[in-house]
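Labels A, B, C and D are assigned to the chains in the order they are written; within every chain, residues are numbered from 1.
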Amino acid sequence: MPKTWRSTAVIVAITLLTFVFVPYIYNNQFLLFNMMMYMALALGLNIIYGYTGYLPFGYVGFFGAGAYGGALAITFLHWSPYLAVIVGGGAAVLVGMILIPLFRLSGAYFSIANLAAAEALYYIVANPHLESITQGPYGISLPQVYDPNGAYWTMLFILLFALVLSGFIRGSRFGLALAAIRENPLSASMSGVNVVKLRSISWLLSALVAGLAGATFGWYISVFYPETVFGLGIGVFTIVFVLFGGIGTVLGPIVGTLILYGAYNYIGISTPQYFQLVYGLIIVLLVLFLPNGLVSLAKRRGIDVP
Amino acid sequence: MIRKTLLLMILGVSSLIFSLGAWAAPSVIKIGTLYAGSGNFSQASTRQYAGLQFWADQVNAKGGVYVKAYGKRIPVKLIAYNDQSSTTLAASLYNRLITQDRVHILIADYGSVLTSVAIPLAREHRILLFDETGTSGKFFRPADKNRYIVLTGLPTSSEWPKVLANFMRKLGIQRVAILYAANDWSGSQANTLKSTLKKLGADVVFFESVPDSTSSYSTILHRIAEAKPEAVAEFGYSNNDVAFLQDYASSGLYFPMLFVPNPALHFEVVRKAVGNAAMRYVYSYVAPPLIRYNREVTHGPTLDAFEAAYTKSGGRNIDLSTVAGYNTGLIVQHALAKAAKYTQESMRTAIDAFSGKIFTLDGLFKVNHEGAQIGESLPVGQILPTPSGLKLQAVFPVESAAAKYVYPQPRKP
Amino acid sequence: MSLFEYAVLAGLFYGLYFALVGVGLNLIFGVMRIINLAHGDFLMLGAYGAFYIYHLLGWNPLWAIPIELVVFLGLGLPLYYLLVPRLQKSGDPEMLSFILFFGLSQVIEALAVFAFGNDQRSIPTSVFGGAPIHIAGQIYPSSWVVSAAVALIGIVLIYLYLYHTRAGRATRAIMTERSEAVVTGISVHRVSAVAFGIGIASAALAGIFSPFMFGAIEPSMGLGITVTSFVIIVIGSLGNPLGTVLGGILYGEALMLMQTFLTSWSEMFPYVLLILILLVKPSGLLGKAVRSA
Amino acid sequence: MSPEAPILEVEGLKKHFGGLKALDGVSFSIHPGEILGLAGPNGSGKTTCINAISGVFRVDGGQIRYLGQPIQHLPAYRRVRHGINRTFQVPRPFLGLTVLENVMVAATYRGGRNVNPRHILEDIGLAEHADRPARSLNSSQQKMLGLARALATHPRLLLVDEIGAGLNPVELSSMAERLRSYAEQGMALLVVEHLMDFLDRVTDRLLVMDAGNTLFSGKLQQATEDSRVIEAFLGG
C-alpha cells in the first residue's frame, strides 16, 4: 500500500472525527456544513486542476447543475433527497461530458471557456421561459424534504468520498499518469498514457464531486435562487482555497479551506464592518509572502505532504 | 424501572429549569439581524439596517422595550453581521444568530434573496422571522403551513401592480408593453400586471424578460416602440430602472406613459442617478416616506416626526428601506408589549391579535394567517414638478391622490 | 427604419466601447501573463472619478480623461513594482495572480464602499448635449456615440504606442517571447510597468463612460465587468490588442441582435458564442494556429 | 538488406500546415534490426516525419504500415503500446516528477510486459539521480531521460530525433554505440540527425529530405557525392 494511502486514511479519520464531534461543542451547524462543502469542492477542483493542470474558472457551474439536478428530482420525481443528491452528481457529470471538447483549449482559453459555460448555464436556468421546469428566476423551494441533519451527514459523506478519491488517485498509477499529463501531455501519450481518456475521467470525477456537493447544499438550504448556486463567488473562493493550501496534494485543499474559510468567518463575526477589506488584505499578503501555498512551507523543510 | 425514574427526573429538572428561565427576565433582549455591507443589495440593506438601529437606540434611550411577559422595560441589544450580499454566508450567519447568539428576535436582511435562506432555519428552530422586505409570494404559501414568519413591511410583490392595472384602464390605455428583469421580485410584478390587464380587457402588446444584469436598453426600447404601446412598464432592480430611464431619455423615443418601480423605493438615489429631466412625468408606486402617514398613525411616531428625529441624529435622507427597518422595530416592540408569554409562539399569536388594528408610519399593519402583508395596496404616483423640485406624488386611486396626473406625458423639448 | 439595422449599428458602438473595456486587461495579460481580476475595479474607480468631477466640480466628465490618465498611470507604476516582481518569482505566476488580484479587488471594493458609499450613482446623459444623434436614418444616444468615439481614439493610441514606438516594440517583443526579450537587453520590468500603467489607465478611461453605458455605477460592479472583459479578449485572442477590437464588436453585435430578436437569452448568447468560436479556433479569432505538438 | 519483412513501411506521406507542405509524398521502409538515418536541412520535414509516425498528428495523405498493418488512424498512445516510440529534439521530461517517476509512467502504461524502471535507469546511467526531480537535470541528462522513457515501453521501432546535438565527443560516440547495440538486439531505429559524422558512426543507410520530399536514398558515402544533396545542404 503506497504511503499516500496510509496518510490519507489518517486524514480521513481526523476529518470524520472532527465533523462528528465538533457539533457537540460548536452550535453553528451551517458553518460546519459550509466548511465541509468548501473542502469537498476544493478537493474536487484539485482533482482536475491540481492533478492535470487545467483550471476551470467556472467550476461553480457543476455545483449549480448539481443543485438544480437534485431539486428537479425531488420536485418532479418525488425522489428521496438521498437519491436526488446522486441525481445532482449525475447532472454535473452530464454537463462535464458536454464540456469535454473544451480540452482542445489550453491554459487561459480553457479557463475562460469554462467560465463562459457556467455563465451560460446560469442564464439558461434563470430564464423565465423555462419556468415550468427550473422555476426560472423565481427559485427553488423544497420545504417537503427539509432535513438539515440528513444533509449534514450526507455532506460529510461526500467530503470523505472526495478525500478517499483524492488519496487513491495520488497514490495510484492513475494519479501518476495524471501528473504526467499535467507536466507534459505529449510525453505522457508517448509513455502510452491515453491522455484524452484519463483527463476526461478526472474531469468527470471532479464534476461529480461538485455536483454531489451542490445537490446537498440545495437540499440543506431548501430555498434558493439561480444566483445562489451559480454565484461566481463560490467558484472563486474554491480556487483561492486550493491555491492557498497547495495544489496537487490531498492535505493542501483541506488545510487551505480550513484556514482561509475559518479566517473568513472569524473576520465576519469580529469585524463585520471591515470584513471585505481585512479579508482582501490577508489574501494579498499571503500571496506576496507565501506564494507557493501552505504546502510549500512543509516541502521546504523536507516534509512530504500527502 | 430505574431508567424510567431517571427519565422522569430529567424531565422534572429540565422543566424546572425551563420555568425558572421563563420567570427570570433576561437582562437584555437580543435581536439578531444581518446587513449587506457590500455587494448587490448593500444600497438598500445598509439603509434598512440604519433604520432598525435608530429604533434600537430610541427604545434604549427610554430604558428598553416594554415586555408584557415580565411587566417591565428591558433594553435591547442588536447583534448584526455583514453577509456581503452572499446567500451562502447569510445562511451561516443566520444560523449563528439562532444557535450561538441565541437571539430572541430574528430579523431578516433586505429583499427576498437574502431573506430566503433564513426561512427554513427559523422554522426548524421555531423562531419567528421578522421579514422586512422579502416580499416573494412563495414565502407565504398556505400549503407550507409555516407560522414562523411575518412580513412587516410591504405586501407581497405580486400584489403591487393591481392598482396600476386599474389606473391604466381608467386612462383608457389599450396597448401596454411590459419588460422585466429575470428575478423573483420583478417577474412576479410583471406577471400580475399582465394577468390583471388582460382581465380588464387591455392588450399586452409586448411581454419580455431580460437577464437582470442587463445594463443597456436602447435596442430593446426600439423594439418596444415597434409594438406601438401607449404605456410601458419596466420592472427591475434599481440599476435596471436607472439604465432604462437613462437610455429612454437619450433614445429620442416617446411613450405616453412610462412606469418603473424603484423611485418608490429610493426616490433620491434614482433621481440623482438619472437627473431631473429623465425623471419628469415617470410613474411609479407610492410608498412611505413619499406617502406621509401622519394623521392615521396610531403607533409610534408619525412619518414627519420620524424623519425629523432621524435626520437630527445624523442619519441620511430617509427612503422606504429606512422606514421599513424602523417599522420592523415598531412591530417587534408591539409584539413584545402584547405577547402574554416570552415565547415565539406567544408573539405570533399576539401579532395575529393586533393585525389590522395598528397603523404605523409604514401604513396599516395587517397580516394573513401565513404572515403575508395584506394591509394596503400600493397607490400609483407620478413624478411631477413642484415649486420645491420634483416630487413623486400619489395620483391614483382618487382617495389617496395628492396631485392630478399628467397623461399623456409631454414630449421632451 | 429596421430593427436589424438599428441593432447592427448599436452593436458597433457598444462593441467599440467594450473593446476599450477589455484592451487593458489584454495588454496586462499579454505582457505579464497576469490575470488581473481587479480590472473591473479599476474601471469602477475611474467611473467614480468622473462622477465626482461632474458632481463636485461641475465639470464635463470629458475633463476626467486627462486627469485620470495621469492619475492611473501614476498609480499603475508603483503598484506594478509592489506586486508583480514578487509574484513572478513564484512557481506558477499566472494562476497565483488569480488569487492576488482577487484579494486586491476585495480591498479596492471595500475602500470604495467607505469612500463613495453603497448608493448607485450616475451622470445624466444630457451632459453630452442631450439630443440624440441621427446616423444612417437611425437615432442613437449621443452618449453612446461619444463613448464609442473616445474608445476608438484610445485604442488607436494604444495601437500606435505598440507598433510605432521603441517602448511599444519592446512590449510586443516581451509578449511574443519573454525569455528572448530578456536576452536582447530589453528592460523587462520598466516596459512591463508602463504596460501595467496603460492597462489600468485604459480601464479607468472606460470607467469614465460607464455611467452612460451601464446606466449606473456602484462599488460592486467590478467582477461582472472583469468577466465580460475576459470573454471579449479571449474571443479576439489573448495578447492581441487588435483581436480585442474584433472581440468587442462581436460581443456588442451578439448582445444587441439578441436583445432585438431573443431578448430573454441576450446575456447568455455571448458566452455561447465564445465557446463556439474557441471550439473552431482554439486560440481566438486572431490567434496563431498552434501546432498540437 | 534484411530478408525479413519490414517493420515499418511509409508510403506517399503527406502533411501540410496551412499553405506549407511539410511532407509531400515521402516513402521508405525499415526492417527489424536496421538503422535508417534521416538527414536534411532545417525545415525539410524530418521532425514532421517522426511526428507523423509516432502519431502526434494525423497525416493528410499516404499510409503508414507497422508490421503490415495500417496505423495512421491510431492515436499516439496506441502506437506506443504497439511498440513505436520516440525521443524529442528538445527533451520533454515531466519536470515536476522525479527521474524514477518519469520512467515509471512509461513502464506502467506500456501495458504488457513488466519493466523495472530502475534497471533502465542503471542502463542509461541515471540511477544515481533516480529520486531527484527531473527539473534539476542538465540538458544532456534530460535527453538521456527521454531515451530512458522511450525504452521503458520496450519499443520495437524507435524514432530518435537529433539526440546528438549538444553532446560532447565522448558522449556522442557512446551514444552511437548504444544505438547500434539496440539495433543488434533487433530493434529498428529511425535516426534523425544533423551531424553527418554521428550518422556515419550509426548507420550506412541514409535518407535525405528536402522541402517535404525524398531527395536521396542510399549509402551515406554516395550521398556526400550527390550534387542535389550538396546543393540542399549548402545552398538551402
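As a convention for this text, contacts are C-beta pairs under 8 Å (C-beta built on N, C-alpha and C of every residue); 3 or more make two chains touch, one makes a residue touch a chain.
Bear in mind the structure is a predicted one, so any value in this text is a computation, not a measurement.
Asks: With chain centres defined as mean CA positions, report which chain is farthest from chain A.
Replies: The most distant chain relative to chain A turns out to be D.
Asks: So, comparing each chain's Cα centre against the centre of all protein Cα atoms, which one is closest?
Replies: If one averages C-alpha positions chain by chain, the most central is A.
Asks: Could you tell me which pair, A-D or B-C, is linked by more C-beta pairs in contact?
Replies: B-C
Asks: For chain B and chain C, let me know how many angstrom lie between their CA-based centres, rounded off.
Replies: 37
Asks: Could you give the separation in Å between the centres of chain A and chain D, each centre being the mean of its C-alpha atoms?
Replies: 43
Asks: Go ahead and note the Å separation of the Cα centroids belonging to chain A and chain C.
Replies: 30
Asks: Could you work out how far the Cα centre of chain B sits from that of chain D, in whole Å?
Replies: 75
Asks: I need the residues of chain C touching at least two other chains; which ones are they?
Replies: Touching at least two other chains: 109-110, 113, 264, 267-268, 293.
Asks: When you check chain B against every other chain, which residues touch at least two of them?
Replies: 37-38, 182, 209, 211
Asks: Hey, what residues on chain A touch two or more of the other chains?
Replies: In chain A, 123, 127-129, 186, 275-276 touch at least two other chains.
Asks: Quick one: in the complex, what on chain C touches chain B?
Replies: Residue positions touching the partner: 3, 6-7, 10, 14, 109-110, 113, 118-122, 124-126, 130-132, 139-144, 212-216, 218-220, 224, 255-256, 259-260, 263-264, 266-268.
Asks: Please output the residues of chain B touching chain A within their complex, sorted ascending.
Replies: 37-38, 80-82, 84, 86-89, 91-96, 99-100, 113, 116-117, 119-121, 123-124, 136, 138, 144, 146, 182-184, 186-188, 209, 211-212
Asks: Considering the complex alone, what residue numbers of chain D touch chain A?
Replies: Interface residues on the chain D side: 54-56, 75-77, 80-81, 85-86, 88, 92-97, 101, 104-106, 108-111, 146, 149-150, 152-153.
Asks: Would you pull the chain C residues touching chain A in the complex into a rising list?
Replies: 29, 35, 37, 83, 86-87, 89-91, 94-96, 98-100, 102-111, 113-114, 223, 227, 230-231, 234, 238, 264-265, 267-268, 270-272, 274-275, 278-279, 282-284, 290, 293
Asks: Please name which positions on chain B make contact with chain C in the complex.
Replies: Those in contact with chain C are residues 37-40, 42-43, 46, 85, 182, 208-211, 213-220, 222-223, 226, 238-240, 242-247, 249-253, 266, 269, 272-278.
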